[in-house]
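Scroll down for the structure; my scribbles are underneath it.
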Amino acid sequence: MLNSDKTEPLLVVEQLQKHFPLKKKWREKHPPLLKAVDGVSLTIYRGETLGIVGESGSGKSTLAKLILRLLEPTGGKVYFQGKNLHTQTASEQRQSSKHLQAVFQDPYSSLNPRMRAKDLVTEPLLIHENLTNQERAERAVELLEEVGLGTHHLNRYPHQFSGGQRQRLSIARALALKPDLIICDEPVSALDVSIQAQILNLLKKLQQDYGMAYLFIAHGLPAVKHISDRVAIMYAGRIVELADQDTLFSNPKHPYTQGLLQAVPPSHPRDRKKHVLVKGEPPSMLQQKGGCSFYTRCPYGQPMCLEKTPDLIEDGTRHYHACFYPNDSNTQYEEETL
Amino acid sequence: GIEDPDSPSTSSDDSEENNVLTIANPADITTLDPQNNSVITTSAVLVNIYNKLVKRDESGEIIADLATDWEPIDDQTWEFNLQPDVTFQNGDAFTAEDVKFSLERVAKDDSLQQYSTFNIIDSVEVIDDSTVRIHTNEPDPQLLSRLAIAGASILPAAYFEEVGSDEFFQDPVGTGPYELNNWNRDEQVELVKFEDYFEGEPNWDTVHFNVVPEDSTRVSELLTDGTDIAFNIPTADFDRIDDNDGTHVAVEPIQRVIQLWLSTEDGAATADPAVREAIDLAINNQVIIDEILNGAGTATRTQISPGNFGADESLYDTFEYDQERARELLAEAGYEDGVTVEISVNNYYTEMAQVMEGMLADVGITADIELVEQSQFAERLFNEELREGVFVGWGNDMFDGSTLELFRESNVTSYDNPEVDSLLDAAATNMNEEERAEQFKEIQQILAEDRGVVYLFQLQGRYGVSDRIDYTPRLDELYYVDDITLN
Amino acid sequence: MNQTNDSNQEMLLSVNDLTTTFSAGKGQVVTVVNDVSFHVAPGEVVAIVGESGSGKSITSLSIMGLLKSGGEISDGTIYYKGEDILPLSKKKRRKLRGKEMAMIFQEPMSSLNPMQRVSKQIEESLALNTDLTRKERQLRAINLLQQVDIPDAEQVASRYPHQLSGGMRQRVMIAIALASSPKLLIADEPTTALDVTIQAQILALIKELNEAQETGVLFITHDLGVVADIADRVLVMYAGRIVEEATVTELFDHPKHPYTLGLLKAVPKLDEQKEWLDVISGNAPDLARLPEGCPFHPRCPKATDACLKLPALEEQRPNHYVRCIHPISEEANNFA
Amino acid sequence: MKKLTKRKKANTLFSTRFFRVPSPLGISGLIVFILIVLLALAAPWIAPHSPYASDATQRLIPPFWLEGGSLEHILGTDNIGRDVLSRLVYGSRISLLVGFLSVLIAGCIGLILGLVSGYFGGSWFDQLTMRFVDAMLAIPTLLLVLVAVIVLEPSLWTLILVIGLTSWVQYTRLVRSETLSLKEREFIQSSKTQGASHFHIIRTHIFPNVLSSFTVVATIGIASAIMTESSLSFLGLGVQPPDITWGGMLNDGRNYIATSWWIATFPGLAITITILAITFLGDWLRDFLDPRLYQGDDTK
Amino acid sequence: MSYIKRSLLQIIPSLIILAFIIFALVYLAGDPVSLMLPENATAEDRAILAKSLGLDQPFYIQFFDYMKNLITGNFGESYLYNEPALGLVTERLGATLWLSAMAMFVAIGISIPLGIIAALKRNTLIDFLVSAISIVGKAMPNFWIGIMLILFFAVTFQIFPVSGASSPMHFVLPSITLGVALAAEMTRLIRASVLEILDQEFVQTARSKGQLEWIVISKHVFLNALIPVVTIIGLQFPQLIGGAIVVETVFSWPGIGRLLLRAMEAKDMAVVQAIVFVIALITIVVNILTDLLYRFLDPRIKYE
């Protein structure tokens, strides 16, 4: 790979919090808080891909939006290229936004339906650089080619593209300013199976060519595993485990990670196993009174887990986990005899 | 005997209620106080509740009402003998005190709308229970005319003073043939007969005055027997009503004369008498009468029509029309390229004014017409906010030439002729009837010559009437309900 | 694999040459499901995989008789328990629904009536398909909720759908389907909108139903992992046609159609690490403008001029049917 | 590639979008509407008579196909002898003027307020605007117009101004709610992440996207302005003569509905047809303005 | 309760703005003094009256006083009727509200079946006809409809009375006249709403249970489609009252529409403001009620 070491911190997130106040009910003194992101710390190094996996509603998109400054955090800090993103002046913000781009999940809503492909991909240039129309047209061609689209696509509207092609457009657009970091919030979730692979390959190739870092958010473990250098597992607004990709998948410590891995359907019918289930429903983000939020679904819950919220601790090998009773042996969940 | 307030439309089908008379008017009455009112449609209803000392018959003659007879004592004093055995609807007996109270109320209280008509009365002197003397501030040849209008209605002095004005007019009491049963604003005034009416039991058990603002709806009500009389029907519907079984159209002259006031002030094009004359000559009065009014009008060159004191009949039922001459006059006046006259029109007369506009255009006069909402017309008229031409229908409830005072200097029109002023002054206090009539005739001749006002025609009241009743509209547009009978 | 009428008798469901069209306005007609034949035996789980828009849902709605206006079955027969159900009256078709065949939809958010309590919606199905009294129905509804592993069933029964999580809603849907004890369950992407942990729970439930009650299941998905997990037999659909059919292990071991192979290879797997994923280039075709011949040929690495003629669905290995004239040979199939 | 460039040329506005949007009603609406506009523009050349020239002796002549009618006055004459057809033709001018200008005024206010308050949803400006909108919504438009007309004296320009100033509320509401939901769409978020200014986002992303539903409401606005004018005419507060409006004509004829139906019926029909055309046109415009319905070549 | 409290709090600023709009209009309408005094009043009289009415004060003080009066329910005296304006309005309010309510019934009665049928028969001739009729219904001025209805049903066929408000039969024609435009609007809405619901999967779920089609429509589709319609009723209410101004004139209906016209002709601004204010208040109340109904109907909101 082009980027050799991946040790220079590019983005540092410290104890980031986002609490959404919900509608106050009659006679309630304070509105209940929905802790969408509750004390997340992580670092992304230059040129690496950090994958984030978690159940729906666990706060992944919120985290992405905080980093992109689409939301104001309730607490914590985000440093990008050493500067605190949320205390910058307007012009500094414009400057950092050049290096920090995003690709969103929904290919159908992430492109303005009334703009043509060439205008879509060069919009960032319009905002940040003073180019002539001619120059912009040239760049548009380059960018489309970069993501595997042809010049005949230049004048089309988004609806004339398929989902995969739209996602390519989004990527081209994110690429326009040669950013250092692209936040990809579930960029392939909405795509057909046969297209997902195209996009994953494209992302990977672009990274090799330009050396930018990705924050890659996804639902599906296999895709994250494929593309990431390191992977973080989120549960109920917190990171419960974070490690190098191979470590995490071969030696998960947190019971949730383990459950998650076992819930992934087999890749071959021969690997079919008895269904082992993480029972229960995803957590309500409201009922966090303290204590481990996985407690309700955890097969190893101890009294301790109810009292204290486990911190994310490192075990020396850049493997972080937040569990009081981490399990080295990939212990089985109670078998559901169905 | 108060019957249930049933729908007017079904009332006439019901034999038991055949004794209900229904009249559909375009507007509601505005008040129950006859002395604080100047709206004729309101008076038209109130005359059935209250009596006056004298009243007018259908032809406009003054006849006895609560007074039996009267005579002048001197130039400023009149004596009236009163009907005995008259009771108010609340049972109080009618006496001279009531006359004194009522006439002095309207003559002294300057907040009443009729005050300016009656403030010439200095005092009313009670001679005995059935005799009064009215003293005026100066000789008043019109006193009887004044006493014949609704403003001179007699109210029960004792009861009125006991309850006060507000409460009195909540449930008013008069000596008239009908008493008020109910007034649902904007919907209906319901009168019921006053059994002890001094002239004998009234004809109708109940009289409904319904408010039906939309012309076509009023006609529809008539055609479906929803009403016995529909006032002010569109001329276009004459044939429909006549052709319909059971209804007919009744038209009779009324006191209203349509006229065009033309400014004589400097700067106005119409200050030039030639222009005014040209306008008069350009208008074919008869065409408007025939086409727009369906014949329900009479061309005239004066306000004072027959039946009024001082009428100059030579100016009545005639008009001048000569397009050629009109063009010549304009050319002579230097307007061969045409002239524009701005005219404010009471929008009630829109159609006529628009026809006139067309006629004026034929001779090269551009009438720039501004339509003014009826209700604002009066206000703007008195504030002199109207244009150089004013297209207006003017009534005359006093039946007297004195209405020409309108053309006195400093009145609402800009017409200013010292000769007219002095004639008006003389007529105002002239107790010699003949001489006074001559004075009015002279004024009319001058006005016809001067054309400070171009008279067009006297209107006729247009009523749709059910064949089941016998009704002849009156010159004064009032409904004396008791004179209306079942066929 | 055109069944004879005899086999129609044995099968729970057998679909022959089904062709469903939609009118696209201006007299244009789009064929959305094209010449599709397959069968489902009692107790069997048949999966249909294929890309979005390949006609999976329309196939299932055609079977249920729930096509929306504009959609029309223009050809083919559908036998249910040996009876041709297409000519049946509307009333008889309706009676088949619920008692005989039930359906679960993809979107747990919108497949429950937001205005009705959960219990009522289950009871509605009970009222239509059983002879239980009202009281019994209420009890049965709670019982069913317990059967689908809903904790605190009594309380949940009185909730409205929006008060449930996606997984619970999907379970309620299964409870509704269970209520009529259908012989055939059609599940149209029932887990696509759910998290993996919840997906596993739902799949387990469906499998249990299938095993315990011998219910035939037609399972529609585009996730090969789910197929590997639950199916007995697999149909691969592409552009409205079946391009391959085989038992699940046969298919995974010996994919014959280049599209099937492409799919299998394109999916990243937990247990393998490679630099680049294998991809199928290009996009799924628009049904209104299908390429000539084999609909897959513009994307097919093996395409030749011969592909301009539509290949037939042929049995290339025992019970393994493929619609391709260049099927993947054994040696080339290096997919482990 | 050659084939492609060839096709490109054919893709002019007219050859593709115009006819490919499949809406026969919309197209007929458009055609009728264009005809009406042409009629209004060409009134002096089309109208057989002066619309103002009255001749009382020629009044209430029925349309030519009825007994007593003549080709001289094809649609007959009105209550003071003016040619109904000519007035109808001229009437389109002011009726359309009232419709267009009042919508222009209301639309501009509504659009700007809606965009700004929607974009800064929840801000004090938004709060204030919405309270204002609530207040205005609580009063019937006709009532508000009536009061305002009375206060300002009826005239063509007052009427346009007043209808404009009282009907912006619906545009504000619409634009604001569309903006609010657009704002959450990912393409706006993505533009924000690129550091785009508020103005840029509103101008290039939000405005074009609210435009089509705005247009639909605006066309309906034209229709309701015409209706409001005719209601006002009925109450005697509409555009004043000599200016001719259909509403005014309808009102002139209201006493003649039973006897000379043509005076009111033709302007009534004109209003109905225009409003129908405008409504259809609005539906079509929405589609026309939406590139998503522009079926270009399928992508390869 | 919290909802009501919240919405009540929210309407206060709206009411203040409303009061301001109305006050500004009245202020613009000019000096009421000349209307209240007899023609021959002197300048001195005018000044005295102006002072007693507080008209010599600056705008904002006058507005402040005006607000104070409003809070105590004092809308001023009608100079036309010499009565408190509010009383005049409330006296006639009933007639108008009844008419509006009946018109609403007519509109609902027409639009629900038509809207549902049009949606169920989407893109057929029936659907087209319903749409066409509803647009025509909207495009006809209501005084025109009213006069025509009278000519047909009252004069020619004599089925219903012509005008007035004294019996239930009298309601028929005016409520139809007033309801037609609203019905047209609502038909389109209900059609759209039903279409949207028909597309949702729970309808298919109900069908897949083997449910009868008409029960599917009535039980599952209808109730859901009704919800957006409820809010429309609240929003359309002021337009209904606006239409009543015209319809009342045609049918001689003794409601506030007629009062308003009278008051406006006479520039009796006290009455005009009272009417505007009362209508606005009623509209707000109706909106809160429909909102509550909405909440009552839609469990998704009730339990939040």
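Note that the chains are named A, B, C, D and E in the order they appear, and that numbering of residues resets to 1 at the start of each chain.
One rule holds for everything that comes next: a contact is a pair of C-beta atoms (placed from the backbone, for glycine too) under 8 Å apart; a residue touches a chain by one contact, two chains touch by 3 or more.
Every value quoted in this text rests on a predicted model; they were computed, and no experiment measured them.
Chains that touch both subunit B and subunit E are the following: D. Counting C-beta pairs in contact across A-C and across A-D shows that the higher total falls to A-C. Averaged Cα coordinates give subunit C a centre that lies 50 Å from the centre of subunit D. Chain geometry summary: the mean Cα position of subunit B and that of subunit C are 89 Å apart.
For this pair, subunit D with subunit E, the centres built from the Cα atoms lie 23 Å apart. Shared contact sites, meaning residues of subunit E that touch two or more other chains, fall at 147, 151, 155, 249, 267. Contact with two or more other chains is made by residues 283 of subunit C.
The set of subunit D residues that touch two or more partner chains comprises 254, 257-258, 298-299. Those residues of subunit E lying in contact with subunit B across their complex are 34-35, 38-40, 80, 88, 91-92, 147, 150-151, 154-155, 158, 161-167, 169-170, 249-252, 254-255, 258-259, 262, 265-267.
Partner subunit E is touched in their complex by these residues of subunit C: 61, 64, 66, 68-70, 94-99, 101-103, 105-107, 110-117, 121, 124-125, 128-129, 160, 162-163, 173, 176, 180.
By the touch rule above, subunit D contacts subunit A in their complex via residues 1, 4, 8, 185-187, 189-197, 200, 204-205, 208-209, 290-292, 294, 296-299.
Against subunit D, the residues of subunit B that register as touching in their complex are 215-216, 219, 234, 236-237, 239-240, 287-288, 291-292, 347, 350-351, 354-355, 357-359, 361, 369-371, 373. Remark: subunit E residues 122-123, 199-202, 204-213, 220, 223-224, 297-300, 303 touch subunit C in the complex.
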